[in-house]
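Order as written gives the chain letters A, B, C and D; numbering starts at 1 within each chain.
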Amino acid sequence: MTYAREMLDTYPGTVAMMDHDALIECIEACFDCTQSCSACADACLGEDMVDHMRRCITMCLNCSDVCASTGRILSRQTEFEPAMVRAALQACAEACRLCGEECEHHATEMDMEHCRVCAEACRRCERACNEALSAVGA
Amino acid sequence: MTYAREMLDTYPGTVAMMDHDALIECIEACFDCTQSCSACADACLGEDMVDHMRRCITMCLNCSDVCASTGRILSRQTEFEPAMVRAALQACAEACRLCGEECEHHATEMDMEHCRVCAEACRRCERACNEALSAVGA
Amino acid sequence: MTYAREMLDTYPGTVAMMDHDALIECIEACFDCTQSCSACADACLGEDMVDHMRRCITMCLNCSDVCASTGRILSRQTEFEPAMVRAALQACAEACRLCGEECEHHATEMDMEHCRVCAEACRRCERACNEALSAVGA
Amino acid sequence: MTYAREMLDTYPGTVAMMDHDALIECIEACFDCTQSCSACADACLGEDMVDHMRRCITMCLNCSDVCASTGRILSRQTEFEPAMVRAALQACAEACRLCGEECEHHATEMDMEHCRVCAEACRRCERACNEALSAVGA
């Protein structure tokens, strides 16, 4: 139901010289991760032991913000600027790494299912950012 | 690949008393529409006749912003506040209506394929917002 | 240090037919309220009794998101669309009203200073949205 | 009228071990730059010669997005994570550098006043990010 590929395919000009599949996967991973991180911050806030969830909430809120801005930047083909895209992808990969680790910790040690789902979203997005970084060139 | 349903299903507390399918569809439609509107604003900017695309660009940028905030608000179940959700959904339905109309216009009269895709995303999101409004109650 | 007035004064075309002071005050109030609500959600999360702060955190996160999108929409003069602006302002006034009430409650009954500051930011933004609504016309 | 300093001063826990003035200036610079970049993208779109403004519009939209997410991340003191803050600041400094250069170009060569104001906002934010980077430590 996502439109990222169709939007890229119908772009009227020349698309960025980078692998399209890597770009589309990264756009989709960013928007999916924004959503899951917003939802996971909220699920953590709904836990009885919310006082143990502070770091996870902050990591999720930060990651949600960075993924949202990165997803938008990647969605822009007009005057695509590799230096900007690289900087955004680096920040996003780091946000996803930190959030994914924290969520993973709650998933394995406290059996929190929302953190397990969110850790998966973060790891997928971290991987997609790193692959997009390779695709966009150093 | 989206996590909206899994995140809702793993929420640790009581989920908002509204139809889950309507809620999930609306969350997904909002995030998809944020992306397609960012991409369509960019595609319009890449058109040779960009001076004819000003209204479409502004409608897309506005709609992308409103969909992003609405998608996040809907993703929060803790202390779900119907008055807030309704206000966000009303603004989002209006943003999607205005943007969808403008994109539709360029799709049919100027054969712009990116506008056709984005109009579809907007109409789907407008419909999802209106169905979520019914589900959340007046 | 804000640039909202200078940006409006240097806009190259015709600015929206609404009172400029009301528009500028509302733009500034929206961005200031986005910041204070993000900071207040965080300060509430840092409270020892975070389990009593859930509603305040959610109201702050929602209000921060709506203010951010509304501040951007108001910053756009090209193809200014009153129907869009009105819908955004209505949602924003409601978000600020709900968040301001909740923060006010914690400020007066629990003497939380960050909530007192945030309540002030929310009330100012609610007022600015209502005045901008009058200025933009029904 | 901004609340960043008051919000930091009323934070209930221990604030990040970094210079407060540098942190507050960076928070304010990020939110001000988000606004000016959204407004400058719009002003560029309103120019008669919009077809010469494409790069400036994209740089402004990207910079506005990165500044918004960075301003929020910096506003969070609970479980302040230096690695996240550094990654966000690096992306933001780069976004501001690229956007500031482009706006400066239009300000000096085409006498566009909105670009002159926005270039100032970008340079201030770039500087504030670099100073915050020094303050947060390597």
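Heads up, the rule we're going with is that a residue touches a chain if its C-beta (ideal position, glycine included) is under 8 Å from a C-beta of that chain, and two chains touch if they have at least 3 such contacts.
If you're wondering where the values come from, they're calculated on a predicted model, not measured in any experiment.
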Higher-contact pair (C-beta pairs counted), B-C versus A-B: A-B
Return the chain whose centre of C-alpha atoms lies at maximal distance from the corresponding centre of chain B. D
Contact-pair overlap exceeding half with A-C, pair selected from C-D, B-D or A-D: B-D
Rounded to a whole Å, what is the gap between the Cα centroids of chain A and chain B? 19
Separation of the C-alpha centres, chain B versus chain D, in whole Å, is 27
Could you tell me which residues belong to chain C and also touch two or more other chains? 42, 45-46, 48, 54, 57-58, 61, 68, 72, 76, 78
Residue ranges of chain D in contact with chain C within the complex: 1-4, 6-8, 10-13, 27-29, 31-32, 34-36, 38-40, 42-43, 45-48, 64, 68, 71-72, 75-78, 112-114, 116-118, 120-121, 124
Listed in rising order, chain B residues that touch chain C in their complex are 54-55, 57-59, 61-62, 65-66, 68-69, 72-73, 76, 78-81, 83-84, 87-88, 90-91, 94-95, 98
What does chain C use to touch chain A in their complex? 41-42, 45-46, 48, 50-51, 54, 57-58, 61
